[in-house]
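Residue numbering begins at 1 within each chain, and the chains themselves are lettered A, B and C in the order written.
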Amino acid sequence: MDIGAVLENAILQFIGLNACYYAIAAIGLNVQFGYTGLLNFGQAGFMAAGAYGVGMTVSIMSISVWWGIGLGLLYSVALGLLMGAPTLRLRADYLAIVTIASAEIVRLVVRSVKFKGQFGGTDGLRNFAQAFQQVGIDLGLQPAQDYGWWIFTFSGRNLWNLIVGWSLVAIFGVIVWRLMKSPWGRVLKAIREDEDAVRSLGKSVFSYKMQALVFGGVIGAFAGMMLALGNASVQPDNFSRDLTFFVLTGLVLGGVAKVTGSIVGPMLFWGFYSFLDGLLRELVDKPVRIGDFTLLQSTDIGVVVFMIMGILLVLLMVYRPQGLFGNRKEMAFEGR
Amino acid sequence: MTQPVVGTSNHPTCGRRIVIVAFGLFLGLFGALGALLTPPGMASAEGESIQVQVKDQRRTASGRADNQPVAGVSVTVVDASGVEIASVVTDENGVALVAVPAKADYVVKIDVDTLPDGLALSADTPAEQTVTQDSFVTSKRIVNFFTGESQSEELSDAERISQRFADGIRLGLIIAMCSVGLSLIFGTTGLTNFAHGEMVTFGAMIAYFLNDRGIHILLAAPIAIAAGGLFGYSLDRFGFARFRARGIGLISQMVITLGMSIALKNLFLWRFGGRDKPYLDYTNQVGSKIGPITITQRDLIVTILAAVVLVSVALTLQYTRLGKATRAVSDNIDLASSTGIDSAKVIRLIWIVGGALAAMGGVFRGLDEQVSWDMGTSLLFLMFAGITLGGLGSAYGALVGGFVVGLLVETSTLVGVPTELKAAPALVILILILLVRPQGILGRAQRVG
Amino acid sequence: MKDADTPVPEQRELTEAAQQARAALASVDAVPGAPKPDPILVAHGIRRSFGGIVAVDVDRFEVQRGSITALIGPNGAGKTTFFNLLTGFDKPSTGAWSFDGTPMDGVPPHRTAARGMVRTFQLTKSLTKLPVIENMKLGATGQRGEKWWNGLFPWRWTAQEAEIEARADELLRRFKLDHMRDEYAGALSGGQRKLLEMARALMTDPTLVMLDEPMAGVNPALKQSLNQHVRGLRDLGMTVLFVEHDMDMVHDISDWVIVMAEGRVIAEGTPDDISTNTAVIDAYLGTHQGRSLLEDEL
């Protein structure tokens, strides 16, 4: 068994593309869930909005991929308004129900045969990221050449993805951090704790909640765009409920209402996930049997790791709801 | 292996340990379940391969596609330059595995003449499908061919409409049955339980596992329902009752249910496998005509049984002391407690009954369609739409709302909603209701301040 | 402004504002729904029922500008519901009301507050997870930095923020909370939270301050200073309407008392009128006991 290789891979995943777009999505979710107390269980829907925004440009609309940024923004804003309008005046549960359902409907629509012409059906969309990759090449990163040192060697193509992705993480991290220090952020945090108090002070709670929902969703859309451009493809089943769950667990692991938590949490989550997955794959090279009962075989591992992650989320919420970086005093959820 | 008994251990202290023990027991229960339910080992091919699957999507009497495998169809794979790689015939699972030299572009062709009589490729499946190099996500690329009826016997509009209504009524009854627990748990504790769908799947799974061991479904079903009740009991006793006592907030609890949902769903997938499977009894029944609708005896009995159960639930709530206590707690827990109702007991009871009803709904759904690892999850949205429509927290609301949503979803295909997007109208209903009358049909506006 | 530190003698000199308010109310008949010479708040036919039970049914209700008006009544009289209705937190089945001449029916709560009608809550809503000073700053209206597009550009709001902070600090000093300035509001005692909530409400620059049971859960030592603060509001030209059970406070500071029972206004008058009003005593005690209510400390 090669524990070194497993660790090496886990470390690479820790800073890899997946961790990167989870982090972007978690920064967005943190604005909604962490700071404002909005239960968005449909971040995957916003990510799909961004991903399909860039994905549709070249292959469906025959326009430059850069228009996709605007398109993705448009989709995510529309989705946010649609989710928020009926729910944000009501108690928190309704938003949770509507977001989780909307994200699922978005996935069903983009994978449907009916709209295959628009979204590519179950195959998804591809061949749209060339212009994006070309910028990396123009900056001197040869796609096939390796860069870096020790275990941190990346192909030029990956390196370009990572540079752009982590820059986005940094940009959104700073933006959110700044905003939460502003009076705007103060209103959001106050809403999280007691909306009636905020209302009684003359502020439109509905409007602020909508702003937070849409803003967090827009950041989620950027995560989706990064996913699409980095993988050079979009597939509908990338955007299942599991994606929302990954982002949420990462955020809770890091600690809600903390920008560092929302960035490092998803990285640790994905690093840990990869480690566990790699470790189990190393351990279970042949089916584990008890008598003639097959407990575990290699094809099960993905599923089992998933299951463990679900249990991890439960345990985190029970025993350390403030996560690794959170502040118990300012712990987010117990307001309402 | 742990004994598959959900113990009622009496450690008064140390909630932490009990939660962990409960988890352990729970996993043990499933380990044991899995021990009896070993999925057939899958042939995992080394290197790159293309797995061709031929599935029949002919509609059964009740109008659903159930993806029956089609065997004996010959399939050819050629590479980009037109050189034939292999030509194989699908096995009894409708699967043909073709090893390919590398991740590259290929064309997969199906020989339509080898399809069984009466079958043809469905309209949206071409006889040749192209596989591109980058569509190999893993080493195995799956290519599906779907078949349908070669010449469908046209149903008259009246027949189509009444058929959809009959199916809608059945789905509505099942959703209503599954939703009672979800709604009452919300009404009494304020918790929106995102793992409720898995409680439905749980019932269907237990029944399947017993059935698979040779126990007739008529016996397996009641055992599964009892297990569902026990499951609900354990969730409250070892989970949510303790979370409430620890002062864990509702929003945290909701996130917990999301984690539980993911964990359970994957547990089911692990032990049950990804394929839909029918119960062994009462399959392949021929539908008989009753008036304008064709319905199998099984589906008819499911419909009648579900209706009887729901009426009994409603009568119990209306007339018995327990039912009245339940409604009182759900209406206003403080007021109910002050009149001497033991609300903790009522909540425990709701979890048990809700779990049992969800399990029953799961078994019925499994009979109606097939058993699958995510059947409950896909019903969950419909349940949410139903209880929101009926009035969140109201028992009768869950019954009425669930029924209406089931009916609307099934009949939505009549007005041109594609079958694959059948769930979408439920979301539309949900949003409309929230905009127009957020308290639902039977709910009351809440007092503020 | 009056120095809050000096102990108040039992029989105070009435300030000019208080004398004016009492003089204006002297000519008003002590009957339910009596019209006031210069009402800031006028309500007509407000009804609210919950599932068949009528919680509020007020025919006419007026509050004199610049006065301190107490709203009293036994538990369940509908006082808090009435507050909720007036401030837009709840919607009446029927009825209309106006504030400073502007119709207010159907106005959402945040607009109510923005128009100068601010309220506090029976169960204090101090934001325990924000520091005291942040609680205060939240109260200020018209903040440029509260627009999301400005949030990122501190130079567009720091100057205003500094002004707001100065105002908040001054209010904190006045309410003797300055030593708690940087603590989380959760660290405050119940009474201090009441003070904080009132101070925060003042940050909105209101013309009408509506206090829902300001004395509930406040220790006696703090009550005196709370009383003074409420009086101070009148001296600063604000109108105060408050719900209270503490009859000492009612008698002590109010210029006018309105009594509700079973959703209706059953009596109005000066504190002295009310303490001898038999309808009020009946409402509180169920039977006519022939005793003065306010001596009795209910």
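The definition used in the following text is that a contact is a pair of C-beta atoms (placed from the backbone, for glycine too) under 8 Å apart; a residue touches a chain by one contact, two chains touch by 3 or more.
Source: prediction; values computed, not measured.
Of the two chain pairs examined here, A-C and A-B, it is A-B that is joined by more C-beta pairs in contact. Ranked by how close its C-alpha mean sits to the mean of all protein C-alpha atoms, the top chain is A. The geometric centre of chain B is 54 Å away from that of chain C, both derived from CA atoms. With centres defined as mean CA coordinates, chain C is found 46 Å away from chain A.
Chain A and chain B have centres, each the mean of its CA atoms, that are 26 Å apart.
Chain C has residues 89, 121 in contact with two or more other chains.
In chain A, the positions touching at least two other chains are 196, 335. Of all residues in chain B, those that touch two or more other chains are 449. Listing the residues of chain A that touch chain C in their complex gives 175, 178-179, 182-187, 189-190, 192-194, 196-205, 211, 215, 329-331, 335.
Interface residues of chain C facing chain A in the complex, by the touch rule stated above, are 87, 89, 108-114, 118-121, 125-130, 134, 137-139, 141, 143-148, 150-152, 154, 157, 161, 184, 186, 200-201, 203-204.
Of all the residues in chain B, the ones that touch chain A in their complex are 1, 16, 19, 23, 31, 34-35, 38, 41-42, 44, 124, 134-135, 186, 192, 194, 243, 246-256, 258-267, 269-270, 377, 381, 384-385, 388, 392, 418, 420-421, 423-424, 426-427, 430-432, 434-435, 438, 449. Listing the residues of chain A that touch chain B in their complex gives 37, 39, 41, 82, 85-87, 89-90, 92-94, 96-98, 100-102, 104-105, 108-109, 112-114, 123, 126, 196, 232-233, 241-242, 245, 248-249, 252, 287, 290, 292-295, 297-300, 303-304, 306-314, 316-319, 321, 333-336.
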